[in-house]
Amino acid sequence: MRKNWIGIPAIMILLLLPSLSVAQGDDEILTPVDDNLSATVADNSVTPDETELRPAAGEQLEEPDPGLDIPGIVTVQNKPNDAGDQLIVSFEPAVNSEGIVTYNIYRHIAEEEGEDTWNLVKIVLAINPPEFIDGYDPEYPIEPGVLYEYRVASVNADGDEFFGPVCTAEVVSKGEWFHTDKTRVLIAGLLFILLIFYYFGKAQRGTKMYLRPIAGIEAIDEAIGRATEMGKPILYVPGISTISDVATIASITILGRVAKKIAEYQTRLIVPNYDPIVYTVAEEVVKQAYLEAGRPDSYDPDSVFFMTQSQFAYVAGVNGIMMRDKPATNFYLGMFYAESLILAETGSLSGAIQIAGTDAVTQLPFFITTCDYTLIGEELYAASAYLGHEPKQIGAVKGQDACKAIIMSLITLALVLGILDLVANTHTLNWLRDLVTVSIVE
Amino acid sequence: MYDTIGIWVGALFTLAIYSFLYKENPVYRLAEHLVVGISMGYIIVLIYNTVILPKLLEPIFGGNHWLLIIPGLLGLLYITRFIPSIAWLSRYPIAFVMGTGMGIGFPLTMKAYVLRQLEAAVIPLYSSGMPWHEVLGNIVMIFGTLAALIYFFFSKPHKGLFFGTGSKIGIWVIMLGFGATFGFTVMGRISLLIGRIQYLMGDWLHIIE
Amino acid sequence: MKRTVPLMIVMVGGILMIIQYFIPHQYSLIVFDNYLEWAPIVGAFALILGVGSLTRLHSHKIRRRAKNWQYSWAVLIPLFGMPFFALIMPESLGGGTDVHGVHDFLFMHVQVPIQATMFSLLAFYIASAAFRAFRAKSALATVLLLAAVVVMLGQVPIGAIFGRWLPETGLWILRYPNLAAKRAIMLGVGFGMLATNLKIIFGVERNWLGGAGK
Amino acid sequence: MGAVNIWEKMLNLDRRWIFLGIGIISIVFFLVGFGMPVTTTKEVENIFDFVNELGPDDAIFIGFDFAPGTQAENMPMAVAVLRHAFHNNIPVFMTAIVPLGQGMAVSALNYVTDPAIDGHYERVLFEDWADYREAGITNREDIIAAWERDGNVLPEGALGWVFEGRDYALLGYLPLFHLVILGMTNSIETQFPVDYHGNPIGEMPMLKEHKSLRDVDLAVTNAASGACTYWITYAREKIGLPIAFGVTGVMATDYYPYIQSGQIIGQMGGLRGAAEYEVLLQENGITATTDKAFRGMDVQSAEHIFIILLIVIGNIAYFAGGFHKKTRLKGRG
């Protein structure tokens, strides 16, 4: 099939050009500055004579180093869902692709004059579709509201360029006020907010709500009691993440509760911190807990301290504390990474009772195998809600359960639809998939 | 010379840390305290060279980006922690970090933790040409996810056919996953040790090359 | 001032960043870009808190001659020595952050080996954890144990002795039941995070201000 | 009673014996090594075949995107690919996403060109062959011919010459590396005006032939963090540069989807992935022997068996001692 094309590029171009001028009204294409019929040759190694030979090249294949067929007009569209810094650019590839390796796309601002104002913004392989998104490159940004001109050159294996017409973009780039690809996130978010606030309200009106027991929570009091009996300190590690990590926040709430109990029992508390802000907050919370327990004078300002913000240096320090001070109970609640196992094994070597809780999925197996009690994922948050004793907190747990129920029904629906598709040869599952799919690239 | 001393120092500290495996001891204690101090000192230099200098001082004094004084002042409020009477001012920068962090987190969590996970669970059990173990896998995947979700229900007692059996299967699936993750991680952890052995026996003692 | 203003900052900041996510317009981008510029600057100053606490703790120890007080010097000297050599000392006297300075030496030949060794302790601990924890005490513990052993054997060449099915089974467990468990945990964690985000933005959860519950 | 005591002792075995066992096994198996055969997988073979097709006219990037902490896993991968490239005379650009990766690149290069090791490549520094360059000799064969004509002899045990600036360039680390990758899609020189040693890279023949990432054929990133995806987002997605991953064992499962989606041509996962590449190098006669990763696999196997034995012993003691009848179940379950 392809072979039929080889002989007639010149004719095709001749046919194409009138159609270009017809299409001009639609696409507002500027005619090239110099000459529409002959390609501009940018590379010095190609003499102008060769360019003039170009129309004949297709018919006489033996002609040495023929020029290339040039690409056609460029069409520009505004890209949706951007800040007005991108344009969708497509161009008509050369009719005769013979010898073309790539297309080089150049852009400049419409009023600018001169060869050096053109910037090479994209190289498209000849085998790829003749379309790309401009504005990706930070060196040549697109400004919103600015009118640009484009031109495309066919490039052969030697790097010689043969320019097509200069075209003015028919649109300028502009930013949008809503990202349509994020609609699903918005709907899901609103639904979630609605549900949570519904249960907040319900909780505040005093509706009694059942929450199932969590083994780790009951163990907390027991473990504090044990340390008191043994006259040994309690170590509380609030994880190695920042204060904006939800696991850290849950841990801080539990710390408040633990500290209050400890203040009542007059046991020593050690809280080494990894993050300076978490340290500040933890200190405040512990101080407050001692105040509430009525023993502000027994608060030791050195009990909550900052260690270092370097993962394994922190572990080295906590390990040292564990082996020197031999705490009777270790709490590891919060966000953890690879250090989880080092901490928990050292703690168990020192003979401590250990209670762990994290939402780090990859670290849970190590806590499960080495600690006495482990709060798995969401149980950590739920524990902080239990201990907070505030109706709204319980309401939030209820709301989360409702959301899980929705997710479960959707998965079950998918299961049913999947079976239906198998039996009845329909495509209902795809419909559901489309409904819940969010785009990866934004 | 510099490198030789460096490798000797490094090797001795490596051994100091390994000595902890036997017992906590003064050498480990020294290494432990040193690394806390050095790592923190390193972070100070790093933050100064990568944030304070190029993102705050240079733009303000070199480029007249006066607006950057706002985060600078906000950050300086942390210092009020050390002055008890106005220590509450340090809550302002914390509130800034907290609020923006939570706001950024909300849509991203909704997308990554909820919608994308849901999407991955909405799969056909069987499509043509799928080997039996993949079909079985898909079945386990869907029912496993459902059961494990039941385990995380807090507002219903784990009793009865649905919640009782469901949560039991759920914890089974979770444990199976945890066992596999544990086993899978062993390999990477052993490699870390191999790295240190290479350092001690190669770089330091030159027993192996 | 003490509580209301921080709560306002949190609410405004939180809602602004949520809305910002859905708007691709350049004005929204300006907000986000500014945040990206500001956040590290505000965060950088938090380091002062850390240095302050560390200095206070260890100078207390030295002053009180607490147990092991001598080691506190090993924290304080490099804590201030590192920045001193890196930022103040001229390069001819071992200053600067380049190779062959004091700063680089302490980092490359003390911190890096210690941290790498600390990390490699995992190889030892994972073995002892496996020994202690993997006992077939119950059906559940047996499941944990078997999954771990199958995956562990499947990964190394010696596992091939038992045939192809072993690594395949290991991979199958990792790909399906493991993924199901992780997915359920992530969904639960996700909703928990979302709820906490809301609770903090709307001031329901205010523990982080210090002072439990109130 | 006596029997129970033995079992009880076994169950409560001092953990330091286990630590000692782990330590001894890794040292012993490192020194002797019994060479368990390693079967190769498709993911690694794909990378090998891709590199094997390349030659002096092509170029590749090797990213040393890891810190010393994961050296044991990432270094052998990088070294194996580097050897392969040197064997096929493919010019290699070496970069680092993390600051410490720069030092890793230096040690990899030192290792491959170490004259004390049989099967090394003899390195010629950039300044040492400046005269030929100024004389306009930039073709690889011409450089070697001129170089050997002037009395330089390839030492015994060396597999060939490598000329800095012709066969490799050590670019090193720059902050915000994702932007650097993006910038290199236009020009490598604007991002790295000089190399790690301060040599102007504009004068390097390999740079004159490969001005931007568009003129490069493959990037192999050896990474210990998610930073490896920078290469996909900024190079693969933008200009279609083929990417291969070398990642740590723990990360490996996370990146299988990238293979399925065709975004990466292959992946070396952990020590095992590196060992596979070493086996492929040996099988194809590119190196005479396998290297550290292959030897590490013996340690790996031995340790896994040791841990499994521990588990088995623990369980035998647990049941033989009758503890399953009386011990209260700890924790959940």
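Going by the order they are written in, the chains are A, B, C and D; count residues from 1 in each one.
The definition used in the following text is that a residue touches a chain if its C-beta (ideal position, glycine included) is under 8 Å from a C-beta of that chain, and two chains touch if they have at least 3 such contacts.
Because the structure is predicted, anything quoted here is derived from the model rather than measured.
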item: Each chain counted as touching subunit A and subunit D at once; value: B, C
item: More contacts between chains, B-D or B-C; value: B-C
item: Farthest chain (mean CA position) relative to subunit A; value: D
item: Centre-of-Cα separation between subunit C and subunit B, whole angstrom; value: 4
item: Centre distance in Å when subunit B and subunit D are each reduced to the mean of their C-alpha atoms; value: 24
item: Centre-to-centre distance between subunit B and subunit A (centres being mean Cα positions), rounded to whole Å; value: 17
item: Chain centre separation in whole Å, for subunit D relative to subunit C (CA means); value: 26
item: Where subunit B touches two or more other chains, by residue; value: 17-18, 20-21, 29, 31-33, 35-36, 38-40, 42-43, 78, 81, 90, 94, 97-98, 102, 105-107, 110, 114, 118, 121, 142, 145, 149, 152, 171, 174-175, 178-179, 181-182, 184-187, 190, 192-193, 195-196
item: Per-residue multi-chain contacts in subunit A, two or more chains; value: 182, 185, 189, 192, 243, 246, 277, 280-281, 307-310, 312-313, 316, 324, 362, 364, 366, 368-369, 376-378, 382, 397, 400, 404, 407
item: Multi-chain contact residues (two or more partners), subunit D; value: 15, 19, 22-23, 26, 68-69, 71, 249-250, 253, 272, 300, 303-304, 307, 330, 332-333
item: Subunit A partner contacts - residues on subunit C that touch it in the complex; value: 18, 21-29, 46-50, 53-54, 56-57, 60, 68, 111, 114-116, 118-119, 121-122, 125-126, 128-130, 132-134, 144, 182, 185-189, 191-200, 204-205, 207-213
item: Complex interface listing, subunit B residues touching subunit C; value: 2, 5-7, 9-11, 13-14, 16-18, 20-21, 29-45, 47-49, 51-52, 55-56, 67-68, 70-72, 74-76, 78-79, 81-82, 88, 90-100, 102-110, 112-114, 117-118, 120-121, 133, 136-138, 140-145, 147-149, 151-152, 170-187, 189-190, 192-193, 195-196, 199
item: Touching residues on subunit A, where the partner in the complex is subunit D; value: 123, 125, 128, 136-139, 215, 349, 362, 368, 371-374
item: Residues of subunit D that touch subunit A when the two form their complex; value: 15, 179, 182-183, 185-186, 214, 238-240, 250, 330-332
item: Parts of subunit C lying in touch with subunit B, wherever the complex brings them together; value: 1-3, 5-7, 9-18, 20-22, 34-35, 37-52, 54, 68, 71-72, 74-83, 86-87, 97, 100, 103, 105-124, 126, 130, 140-141, 143-152, 155-156, 168, 170, 172-191, 193-194, 196-198, 200-201, 208-210
